[in-house]
Amino acid sequence: MNNYGRLFRVSIYGESHGKGIGILIDGCPPGLELEEKDFAADLLRRKGGVKGTTPRLESDAPLIKSGVFNGKTTGAPVLIAFENKDAGSADYDSLKDTPRPGHADFTAAKKYSGFNDYRGGGHFSGRLTLGLVAAGVIAKKIIGPVKVTATLVEAGGDTDIERAVNKALEMKDSIGGIIQCEAVNVPVGLGEPFFDSVESMLSHMMFAIPAVKGIEFGAGFGAARMKGSECNDPIIEAGGKTGTNHAGGINGGITNGNPLLFRVVVKPTSSVSLPQRTVNLQTGEQVDLAIRGRHDTCIALRVPVVVECAAAVVLADLTMQNK
Amino acid sequence: MNNYGRLFRVSIYGESHGKGIGILIDGCPPGLELEEKDFAADLLRRKGGVKGTTPRLESDAPLIKSGVFNGKTTGAPVLIAFENKDAGSADYDSLKDTPRPGHADFTAAKKYSGFNDYRGGGHFSGRLTLGLVAAGVIAKKIIGPVKVTATLVEAGGDTDIERAVNKALEMKDSIGGIIQCEAVNVPVGLGEPFFDSVESMLSHMMFAIPAVKGIEFGAGFGAARMKGSECNDPIIEAGGKTGTNHAGGINGGITNGNPLLFRVVVKPTSSVSLPQRTVNLQTGEQVDLAIRGRHDTCIALRVPVVVECAAAVVLADLTMQNK
Amino acid sequence: MNNYGRLFRVSIYGESHGKGIGILIDGCPPGLELEEKDFAADLLRRKGGVKGTTPRLESDAPLIKSGVFNGKTTGAPVLIAFENKDAGSADYDSLKDTPRPGHADFTAAKKYSGFNDYRGGGHFSGRLTLGLVAAGVIAKKIIGPVKVTATLVEAGGDTDIERAVNKALEMKDSIGGIIQCEAVNVPVGLGEPFFDSVESMLSHMMFAIPAVKGIEFGAGFGAARMKGSECNDPIIEAGGKTGTNHAGGINGGITNGNPLLFRVVVKPTSSVSLPQRTVNLQTGEQVDLAIRGRHDTCIALRVPVVVECAAAVVLADLTMQNK
Amino acid sequence: MNNYGRLFRVSIYGESHGKGIGILIDGCPPGLELEEKDFAADLLRRKGGVKGTTPRLESDAPLIKSGVFNGKTTGAPVLIAFENKDAGSADYDSLKDTPRPGHADFTAAKKYSGFNDYRGGGHFSGRLTLGLVAAGVIAKKIIGPVKVTATLVEAGGDTDIERAVNKALEMKDSIGGIIQCEAVNVPVGLGEPFFDSVESMLSHMMFAIPAVKGIEFGAGFGAARMKGSECNDPIIEAGGKTGTNHAGGINGGITNGNPLLFRVVVKPTSSVSLPQRTVNLQTGEQVDLAIRGRHDTCIALRVPVVVECAAAVVLADLTMQNK
């Protein structure tokens, strides 16, 4: 299922080293102002280039292929395409028979009977999150006063993120991190229980982002150590404002008007230059694999904008359902 | 959205203090042996009655209303209904204007413009998980050799769960817990990226279970403190077996043949007899609310079978999609 | 797929000679007045009893099992159940190996590997349309000023329908008919192209009604003999009113504000008492089969209310999507 | 909803006079041989150029943008794009305020609050059927031995189609037609009742094709004049072969192994050069509109391949669900 959403529906496509990647957005309301430069700021946040991220720098220029006329959305599907230019396929050809630990190489080959495009992870590449960012830029225009912000709050177990990155660079290893996401000005009533609770929909989306391995709302795992009388948020105003926010702004799967709050964990970048044990699928023999090429020491540095935009997509869909 | 699933589709209905609750299962393969006593063991595990759980004991007898003929499923929809008998509505009537902290009372009233059935949480009651258990019993017959097991591994921050419950009972407070779920004999290839990764589908379902506030796969939040070279699971056999299982059996959103492993956190039962601060929605005044009636000190004691059955529903749907 | 709809979602279940049949409605807005007697008038129209219809008369009392509280819908799923009482299963047991021509006996047995409930057509029985009528009664409350009416305009090729029925009764044969359905006060804008045109959604639903074998909108098949200058409806008011209505109230898959108009054909009742040729599936030999039991000479007499209610379900769903 | 399908899912996009149009196909099985020249034959059949069709001749070269690697599908989404080159927008600008009778101009403007791309019908243009043809080319590879064929059997009420076209050209008017579609080698068991009968799914798709206003299966509307004993198809072999095929190869919404047979009616091309009455939406005054530009006298000449390919898409999706 490369589709997500009920009313604001996104369909993702593309491969890391193919012709390009992109996203098709159906159900986008008419009349939103949209031009290609609107994507620039969020795409820049996602881009490699700072210390700890890959030196692969694509221009990543979004092309609006449909659904916009005279600078405004028309109500017809919006296709946002990105072309691939800086793809060094040769780096990956040798990996076909030796799946990289932590990557989708093995599972994709099995699921798709060996027909998957394995170059740079193919359809499983983090590059596809460009599409999520593009959809999020549009989604933010739909959710209006709601403002979503995601930040990397911890990397490699350290809240001093620069220090953590330097340490990992020294060790020629990679690290992960924790991203916190908050949305303010959220109306009461988003979420469609029983099965489409706000937590269900946000987590469904977040686990589509490569490398995310956990999510918690409000007090999250910490709630397991609290008493009910502590964990319950006292309601202090008829509008629903609570004294604490251990629920992360959600009760019974529905937003309660307080800030929406969740955290996701991003595992360390799977590609490391240190040798790792894997198997040659042809011979069945164990081999040591050192991954050359350009990688992110801490991919988590680039993920906050993806989390933020992906959350906006979810909120746009829930907002449209709550009319 | 009271529906979940693409090929194995479940639709849930009912209220805590209405005529009954149940689940309608569409897409169930024909020829599965099914009779009402098949549900007994898992329903018993969910039932109240042991120390730390509610004294409300319903007979909870499942009624197969359709889709079964001569003791086997027919391929037509299977409706499993449960009648409500032991419902003390009077306990709840006074709560209409004073939403209970931690419950869906406030959000449901707002979302449904005050028309929601507020008695005992109505459609938001944990009682609806009876339906999930029933669907899971059927799902387990579909996933065949795959065996799912969920266990409460920690309550109130203590791995000695009896001690934790006793302590909470003494304090007249409630506690939460952490449930670990494992599935073995999982084939390689379940999961439908980009958006329907195994993690996406399992988390979507888990957050439908009332009181679940977090989920993590494999190393989960612990991965944020690991190095890539540690976190990556070395592949040691051509069949995909890995030396460690920090990925929780999932790479790129697809099962890799190793045990599927995740943990969910269940917050403390929201209903506590200690007074809690809330607001009278009519007058806007703050009031203290002590919740009478029958409650679970540690609802987490009853949730493992729900997690297990709900996971089986997800795996059944993914298994059918992977044909 | 026993489910239909995007926002107003119905799920149907049950068998002709099982415990009962029914429909589960999800996405029903809160606050609609609803009680069991609201269904009486439309259920009566569907009932057998008049000349040309089956003497099988069930009480067909709808039971509201969930989603209604204090006489109003709550926003939670509404389950409407009907119990089976007057089911003479013995009539059908002999038919297991000799599929009735024109019925689903053969196809259901093959598709469900012989596990289907074959008694009285099981899940394929026209009795399931009770659920569509029930859902339509609710849908009519949603679409408000829009008024849908369906009428049998021709039976057995004759517009004098009583005469046609008498003739068929004499011949101990069955006849079909043509039902015309019109909706007035339809707003401009219903329909969700490209794929969910109004015609697409209505036809999708109509072909779920057993025995429907064709549908046409406005001029329909007659348009094949018209010239463009004739067939195009001149627009005579800025509100969209047209001089003729060959388009049946739909342009580009979207309602244009003129009356919505379509016709469906209902084939003759498949069960006839005259001997018909079929095959014994066990022996492979051809045999002659005379169907005993209670049948409708002209099932089309009972279908208008089903068409009308089913159309209301479609319009309710499209109305909710058009907000 | 610009998406169709449950397992073989297509999403359509684009506008007649925008940058291009195309289709995104998700759920395509891996390992199908696919290259751009595979589309040539069917695209040629859809192309204008013969007498009675538009002189607008686009190169219509399909571009495979994703989902294919080393000449085979990978299991990832396949995007097929077509660029627009020969678009004369100036012809259409004057029509903004005077909606063309029979077109979607009025309804699209109302539904999308005037933000729709009105040039050449925009997203409502028949040009979008290029995408359906492309998807059908792939679908045909999935349905394997099943062979679908669609033919124009009648135009302007005449089975001599050349004569009908000549007559219409003389009158400077347009005509419609009837297309018959047959599929042979269809397995028993396609179709997913209750709501996703084969007729439901095929009609849903057919009414997405612009200008289709009716569909009938097998005897279709003719069944309204038959007796049951005539209309029922005698079963003459244990494999399901019937003596006649009034059911069009479908019983109870499921294919019965006989040829699948249906007919659709295509209304006359809406664009005619004769003056037609419409309204100026700004002034509310009635005006006469003569449509200049390049049009098809008989668009039905170009539709058979669209019907055929669209039917293949439906059958591919049902085939995948029937595994």
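The first chain written gets the first letter, and so on, giving A, B, C and D; residue counts start at 1 in each chain.
What we mean here is this: a residue touches a chain if its C-beta (ideal position, glycine included) is under 8 Å from a C-beta of that chain, and two chains touch if they have at least 3 such contacts.
Computed from a predicted structure; not experimentally measured.
With contact taken as defined at the outset, chain A and chain C are each touched by B, D. Set against the Cα centre of chain C, the chain with the most distant centre is A.
The chain pair with more C-beta contacts between its two chains, of B-C and C-D, is C-D.
Mean C-alpha positions place chain B and chain D at a centre distance of 45 Å.
Chain centres here are Cα averages; for chain C and chain D they lie 26 Å apart. Averaging C-alpha coordinates per chain places the centre of chain B 37 Å away from that of chain C.
For chain D, residues that reach two or more other chains under the stated contact definition are 1-3, 6, 12, 111, 123. Those residues of chain B that touch chain A in the shared complex are 1-4, 6, 12, 99, 101-104, 106-108, 110-111, 121, 123-124, 128, 154-157, 168, 171, 173-178, 188-189, 191-197, 199-201, 203-208, 210, 212-221, 223-238, 240, 242-243, 246-248, 250-256, 265-272, 274, 276-281, 284, 286, 322. On the side of chain B, the complex with chain C involves touching residues 1-3, 9, 11-15, 18-22, 24, 26-27, 30-31, 65-67, 69, 72-79, 81, 111-113, 115-117, 119, 122-123.
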